[in-house]
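Quick notes on the structure that follows.
The chains carry the letters A, B, C and D, assigned in the order they are written, with residues numbered from 1 in each.
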């Protein structure tokens, strides 16, 4: 086992990271940034700016074309195939398109994130119930995910991301299908996870959220960081 | 052939429509409403209120449990299986989850809505190009849909709904993945389709849009119409 | 008219695109169908060639007419000619008393003590009569025997009734078995191919759903899949045919040697052009049918 | 240890859930695998029973030792006993000169003119020697013949060398063909089953992708599919076995009658318990292998 790095180190470091899906175009271009442990970061930018791509790099769904990414002191660009699952089990992700299993029940969809870690069934049931209650869906837990409304599915996706108390929470447009009231409830939930020590990165288009929560905001445009507001000041 | 009803009739009429997916619960409960030809209607309401269900009933993806729906003077609750395609070809739908074919090119995804009507290939190409230009994606037309960002996919879905100049446009949360600037551009596009005579129903959570466009707004809550603001007054 | 052409164009293009777009599904289905057809084809070849062998064995089916003692050469000739005209008779061979004794001696393995011990030739002259193919059955044989029975100069007719019956039974059994196995095999192929295509269609249920949502008619959705099934079936059948031919060329030399030793001359045959056509056509048919069946239960969901 | 149990529990539950959750895929795959196994099993039964028939024909393989003229009854008995002790000899039957003549007469069809024409019996006495099973080949026969050749009282040995060679060749050919067809069939089954499961896995690629995204290890994703394939293979093999037994019970009576007429007593046998186990085991194996193979190319996408 490797020695755990001291917690004072930045939690995430990206060094000159670029990602190019097709030769000649960059989804991300020369991005360098640091995110401390427990920090809460908003990621904004127009459609196609590279927000999802940046998140994908962090949970190793894509590999950078150039540059290095250090997560918890470990270079994940060097990670072998078999090292990826262990990484992902420490991360919770709310996917922009939810990625739920439509034919499975809500409980199964959320429980999945615990099953892969070998959590005993009894514990899974109680933790799943708790997190579903937080997102207001405990009464729907036996329904198939595809029978839920868009906003309900989005909350199930968030529940799945939160259920295993991740060290890093990546949420890609987690309130795009929610009404304003629910948006605040859900963002409070995410913020409270941040307050408990989880490092949080939320990609969003909702400027009212950014105003309201007044957290560090990374503004991407065409793959480059155009603004990094309130970084050191607000975090911690 | 049946005689076309006079255009002065309401375009959509719902009489005491209820929809129940599971015994004992209603996704829609006793909804009655009229929408005139060329009218622009916002549909709002909290998550799970029944917005998507209402739209689904209008393009016959679901059948009401009770009540009747008259569209263009025709009772679509009585429609046989083989009558549905013809109905859908007159309607453009932006699905909340886009429903694009990930492995197909953007051009193919949009062109699909014309192919099913037997439009000649040459005409399809030019019309697809025009509508993709309107949503700002003409340069991506040969890429696979799954290679696009969330906002880009949403615009492709809108392009597909608009490409066949539908009589009725149903848009389910069409700007949930778009940044504020793009949201306005896209809404303008939808509004201009309305101005050209298309009847438009937009389900949205974005209250700023409702303020800005000041159109008739139907507010749903738990399957019932709670408010129907500015109906006769605003619609032309 | 114009619309029909456009629709057909889309159907064809969509079919080709479908085949290209999901290479896994296409490849897997192709291989499965081809393998099934190779099985059917190999069995067909086996049966066809067995049939040929059996027919050759059937040529041994013959009637021996033992003639009266002391028949004159002239009468013998006349009788032979007469026999030849009997319906169902293919050929007549005359065996004189001397021939009979020589053949008998040979049968005993040439131990010549026997012939020396004889003071006169006890064996009768005879006619060896073979039958035309259509008559080679117990029933057919009996008809010929009855026709021959009255002829003057014939003392006794011998035709190994038991052997004939056994042979006929064996033949009908093998044919029955062949037909049975062929039916089972055909059914199995139909099921396997149908299921394979059903799975392939199922793997693309998103596409079917979305086409329905944008207003595609039932036929607009299904015809491309039918075309795909048809194309896959045809291609698979051609692959199967090629494979069978290779197998045939590899196996024939060694097999032919073995069979020749057993049953005289033999040259295993490949399919006739018509049979090849049949195989390809059945591949195409099964493919199209499989696609059609894939929709039966599924329906619109 | 605890973790392993939990993991196995999830794998088993996930496998069962997978089978239930996609009844189309499961059903289609089950039927396809069962049909393939019925083909293999039916062929196996055919070969097993043919083998039995062939063995019975092989009992006709015998050596005739023609004895010297005028051998005494006592010498004859001694020779018979001696012969019995020769390695490879199964049974010895003594045929006296009178027996020989009677058999000869019978062969001629009882036309008794022949026997009357003889002034003395020219036929020798003989011993009919059958061989133990392991010796029933051209080579084995030769060894026995050589052992017998020197014995006093034996004048000549006859053993239809050509017939033996033909029979041996036919046997090895049919065995070769059987093995060949079995190999082709086994390969085809493997391919068909593998492909079917591959398509079934492909139809659930979403699930595989999402499991990977929430941090499932490779084995966590694959073991349930392996278990599913294993279960499907086992169930399908049991179905196939049942179907084969029904077929066997339906077909046996009519088949047995036909075979009996041809070759004397015959009673087609079903699989032995061990062979049944083999069929089920191979179903399970092929199912698991198919699932494993489904991941080989696909990999993580």
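Following the convention adopted for this analysis, a contact is a pair of C-beta atoms (placed from the backbone, for glycine too) under 8 Å apart; a residue touches a chain by one contact, two chains touch by 3 or more.
Please read all numbers here as calculations on a predicted model, not as lab measurements.
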Those chains which touch subunit B and also touch subunit A: none
Chain at maximum distance from subunit C, centres defined as averaged CA atoms: A
Chain centre separation (subunit B, subunit C; CA means) in Å: 62
Whole-Å gap between the CA centroids of subunit A and subunit C: 67
Rounded Å distance between subunit C and subunit D, as computed from the means of their C-alpha atoms: 24
Residues of subunit D whose C-beta touches two or more other chains: none
Two or more partner chains touched - positions in subunit A: none
Chain-level touch network, classified as line, ring, star, complete or other: ring
Those chain pairs that satisfy the touch definition: A-B, A-D, B-C, C-D
Residue ranges of subunit D in contact with subunit A within the complex: 3, 6-7, 9-10, 21-22, 206-207, 209-218, 220, 300
Touch list for subunit D against partner subunit C, complex: 24-25, 28-29, 31-32, 35-36, 38-39, 42, 66, 109, 111, 113-114, 116-120, 122-123, 156, 158, 165-166, 169-170, 173, 180-181, 184-185, 188, 191-192, 195-196, 198-200, 202-203, 251, 255, 258-259, 261-262, 297-298
Complex contacts: residues of subunit A adjacent to subunit B: 21, 44-48, 51-52, 96-98, 147-152, 155, 172-173, 176-183, 205, 207
Residue numbers on subunit B that touch subunit C, as the complex places them: 59, 61, 81-82, 85-91, 93, 95, 99-101, 103-104, 112-113, 115-121, 160
